[in-house]
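The following blocks contain the structures, represented as structure tokens.
In the two complexes that follow, subunit A is the common piece, with subunit B as its partner first and subunit C second.
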Partner chain A sequence: MWREVSAESQARQRPGTERCERGAGDIVAPPGHWRLAWQAAGGSLPYSLLIDRRAFVAALILLLALLTASLAYLAMGSSPLPPQAVPAALVGRGDMMAVFLVQELRLPRLAAACLTGAAFGVAGCLMQTLARNRLATPGIIGIDNGATAFAVASVIGLGVSLAPPAMALAGATTAAALTFGLAAGGGVRGYRFIVAGIGVGAVFGAITQLLLAKVHIDTANAAYPWTVGSLNARPAGAVMLLAVGLSLGLGAALWLTRALSLMRFSDAVASGLGLRVARRRWQVLAVSVLLTGLAVAVAGPVGLIGLIGPEIARSLSSPRGVPVVASALAGALVMVLADLAGRILLSPIEIPVGIVTAVVGGPWLLWILLRPASRNLA
Partner chain B sequence: MDAITRSGAASARRLTLRLAGLMLLLVMACLASLMLGAGDVGPVRALAVLAGQGDAEARFVLGSLRLPRTLIGLVVGLSLGVAGALLQAVTRNPLAEPGLLGVSAGAAFAVALALLLGATATTLRVGVAQLGAMVGCLCVLGVARFSGAGNDPVRLVLAGAALTGLLLSLTSLLLLFDQRAADEIRFWIVGSLAGRRLEHLVAILPSLLLAGGLVIAVARPLAALALGERVASGLGHRPGLIRLLVIVVVALLVGAATATAGPIAFIGLVVPFAARALAGPDIRRTLWFCLPLGPLMVITADIVSRLLVAPSEMPLGVITALCGAPVLVAVVRARRMPSL
Partner chain C sequence: MTQHELATRDLTLCHGRATIIDRLALTLPAGEVTAIVGPNGCGKSTLLAGLSRLHAPKQGTVLLDGRDIQQLPARELARRLALLPQEAIAPEGLTVAELVRFGRQPHQGWLRQWSAEDQQVVRQALAAADVSELAGRPLDTLSGGQRQRAWIAMTIAQQTPLLLLDEPTSALDLGHQIEVFELVRRLAADGRTVVMVLHDLASACRYADHLLALRSGQLIAAGPPGEVVTTELVRRLYGIDCTLIPDPATGSLLLANVRRAGRCGDA
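Right after this comes the complex of A and B.
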């Protein structure tokens, strides 16, 4: 697609009439990109991959930060370990106590934090791009609350271990359908869509309260931390399901990346550039709802991750593409840090991670909303 | 000229009739609130008590449990409805609702803070809640005005929702610090009329009387302000002073209601919405209609919350959210955002 054209040939040829050359050698990457090219055995055409340099560096930085935070997560807690003991304990060497702490207690929780954070981050990034509004994250437009209400219903009513994720997915789908259906008159653009989502979220929040009011006080107390978002009581089946769902969803999101960056233009421009806008929109929405529902089934509504994660990713990586991978990494990073803070700040008591993110993310949300500069995503 | 006065008189008569009908409904709701409940004191035994007879148990249930509850519902509904109408008039925004804009959340946060610092007295709690409501109100309105978001109703609501979320999570954080405060506040923070005693009502009455006086003083200038700032100052009013007074009144009312019943959202949205539909846009008439409508909604919601999951109780906010959120969506969905 990009070819190096010598000045001479540029002068000779009118734009648009270049010969199409397929050689691997004479193609250089556009500024700010790396191009990886390789010749498939027996194939006539070379494969090539274009990597955005800044996005790559951003993802690398976020990955390093995530690894550091994970190390800290495994080492810190009510009984702290020296950081150098953590890698040994991970492979099962060293003090028995340390091995137990790291492998049995902290590692599963860390995995859950990473998975939910990444899922919320990607879901937020997709929904923001879909609505062309950085405030339109699943948490704000009520999808989290829908998933929570349905999952609470299943916890109270059924008590089957695989039921909460399925019910959370159903709830997320219902809430998304309601929000988009109600906003259909005004389109997904603009703030009205979001306020309709706030209304839908309020209804589902009320339904959650109603369900909790109907059951015994002990059951309600047990469900409470989960309704504000916590990694403390995570069902193992839901985590496995989230891992599967996240790998599928992340793959789908990467496959949609190109469509996503076109969707940032207006519908007319995007379809003029060859995008099937309506179909892609459905796909993006489906992936976002899937990830949100599965993540809520694990950790409850920690929706502000979907706002903060993509925000960090976007400020680090280049404005050219939609930062899906960086959003996932940043979401996981924020989730791990928030849960770490919740575990160690008031040490005997544990602050639910949803409260930590709300206290940190709330001012950020206000600032995004109220600052005078351009507020649009694109 | 004659025709105009005649039609004006006719419409005034119609409005009076509507108002009288609402008052009748309110009286019926109050009676129902006295007669219905989760316990086994049914309507028949309750009627006997109302007629001056009845056994001791029924008398106790009516006099000490249901009557305070009904009276407090009356006052809370009155305060929240009027506060909503005033806030909407002063921001010229049909979505401005004390619960949505973070005013109630500010009051709740202040009360939690005071409890954490060791306060227990009822009167202190009212004052603190009013202070918190004032701060919340000034916060969201000031910031919105400063950044120019005040002209956009929907953005103001978003800012309020963000502020509410922040304050609520800060409140939960405070409650984690202190188990005693958490136990004391848990039944209050969800918003309910259950278990409130008459002392709570007595404690908020002075500030409600003050707020009522201020409302009477400010209603006429506020109606002028609806015509625009220039017209209002041309008519000899001072817009800045009116705004400040209205904010004080809203803080007094919402603080008192929140201190008594906990944070309850959506009443201040639904009641003025219905009142405008019945009485038209003039704030002086809207306020009259808010007087019966607010208590009507709160008392009906309270009856439902008692009966729906009997014998346990349900937070009042659940019912109001279930009624209020559709209204919110309907207002937002309207093709042209109605401006006040």
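Right after this comes the complex of A and C.
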């Protein structure tokens, strides 16, 4: 029974007394934010938006870096152009050769690099948030490999008439279903989920190799860039489909940002704050799988982008939110730089972008694993 | 603050095939502090999870003001009932004020992200939990008691008439426990209904108005601690014998001469 009530605590029991300390006129945005407010029609409560300054600046920096990298991408190659010739060539002026190089050869490939990079970046960011684990990217939990196996099956004409994007989507969905099914007992937040995903990925990787071993060497060669991840052989329709899918997926991810920032808490906390955890989890998973499948259909399994992109985005952004836009921009940036490096390092021989990202991403993965404060791994 | 009543009717909660709570009917008195006590594994935390809709009942209902909580929209429930689970995990690097602002989530929307009311409620919540000075500190730099008060501040910012706390003082040293309990009393004095799971019976006697004693999923006693706590109840709950004496300063019951049931005291 509570008998002792001091005068001091009695005074503190009435927080309502400080109610009118500040009027509605001087709302201050929380530290590190800008607040945009405007009056709603009909005199109801004003609308307000909070913009995280650091996240905004991070996105701006990444956007500028992406633009610079894109300029370099368009200028550099086996026949380099002076950077100042690129803008002119983009609008169809100047040297015929330059216009051809930029508009016909490099620009479509740049667009594909940006789209796939952004899709992998967002997909990685969503999956990491969903599983509350930085290792849980679609590439690591087997979704890339599932999409690849199915797409390769369609490329080498294994009696399936679906186009690569549809097959890649089917593969991504199958792999996701398997991983989630196998991890069902332990939930998505733990080693069981990651280990199940690695196993599923390994099985699909083996299936891909098996498919390639059984077909004629020329067919296998045609499918090879696909299995390592390359922007050299891009199915035309797949890029368009990815563009549409990415705009939808990015829109959905932005719509889910508030839910995503709650998902970083333990489920009980998130649900206590009014989040329908199970429903949101399905939505986030669906967007992540869709983006992965469509991106794999264009570039093959360059899944490490899904690890590196969000990692860069998070280190630049604030811990207050989930950096969806920054992950898209960082993913695109890494993809553009990696493909550029692959094109010029051993020119005229081209290194597939998947190999470049593996060379860079492998050590990155090790660093995450070996970092002393790896609290997010559990 | 308007008072809301939480009650269960015929509530059965299961983990897989094991029945944890068996057809429980109880009413939590509005505006009071209720402590749920019982031995490990008696279903205290499961009951709290059931009361907060984290755990769906196999049978029966949890009623909030006469309405089944399973039927309430998630955000509406979060505006009426706040929960602090036992293992609350926050994103890395979050500061106290940022955590507390998340408590406003059920009141906000995509186009209403920060209102005058949000600002005022967050400031009051920080003050009520005595963490105003810590507002800018990252959670991982706080002591256990400070961190727990920050979490409670988040639930205060939810402005719910009902507050459910799962072992809010476990893993805290005595000083930090008292900080949290005194905060709970202040919240109840504001008119909130507080329900907390506790494993320490003496703290429950001192800080709760109402006690629910659970054993193997069954309610074996309910009422004011001074009336329901007897040496017989302590033996049934924990299998120990003890002498109950009133605290000379507050009158709440203290457990003295505690020993395993059936043994003589050392004295």
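Throughout what follows, the second predicted complex is superposed on the first by the 336 of 378 C-alpha atoms of A that agree within 3 Å, B and C clash if a C-alpha of one lies under 4 Å from a C-alpha of the other, contacts with A are read in each partner's own complex, and residues count from 1 in each chain.
The definition used in the following text is that a residue touches a chain if its C-beta (ideal position, glycine included) is under 8 Å from a C-beta of that chain, and two chains touch if they have at least 3 such contacts.
Here the structure is a predicted model, which is why all the values come from computation and not from measurement.
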Which superposed partner A:50 touches (first subunit B, second subunit C, both, neither): second
Which superposed partner A:262 touches (first subunit B, second subunit C, both, neither): second
Partner chain(s) touched by A:369 [first = subunit B, second = subunit C, both, neither]: first
Partner contacting more residues of subunit A (subunit B vs subunit C): C
Partner chain(s) touched by A:210 [first = subunit B, second = subunit C, both, neither]: first
Residue ranges of subunit A touching subunit C (in the complex, touch as defined): 1-5, 9-10, 12-16, 18-19, 21-24, 27-31, 33, 35, 45-50, 132, 255, 258, 261-262, 264-269, 271-276, 319-320, 375-376
Contact footprint of subunit B on subunit A as seen in their complex: 135, 140, 182-183, 185-186, 190-192, 194-196, 198-200, 202-203, 205-207, 209-210, 213-214, 228, 346, 349, 351-352, 354-355, 358-359, 362-363, 365-366, 369-372
Parts of subunit B lying in touch with subunit A, wherever the complex brings them together: 95, 143-144, 146-149, 152, 154-155, 157-159, 161-163, 165-166, 168-170, 172-173, 176-177, 190, 265-266, 308-309, 312-315, 317-319, 321-322, 324-326, 328-329, 332-333, 335, 337
Touch list for subunit C against partner subunit A, complex: 33, 49, 52-54, 74-79, 82-85, 87-94, 97-98, 101-103, 105-106, 108, 110-116, 119-120, 124, 127-128, 136, 155, 158, 182, 185-186, 189-190, 205-207, 209, 224-226, 249-252
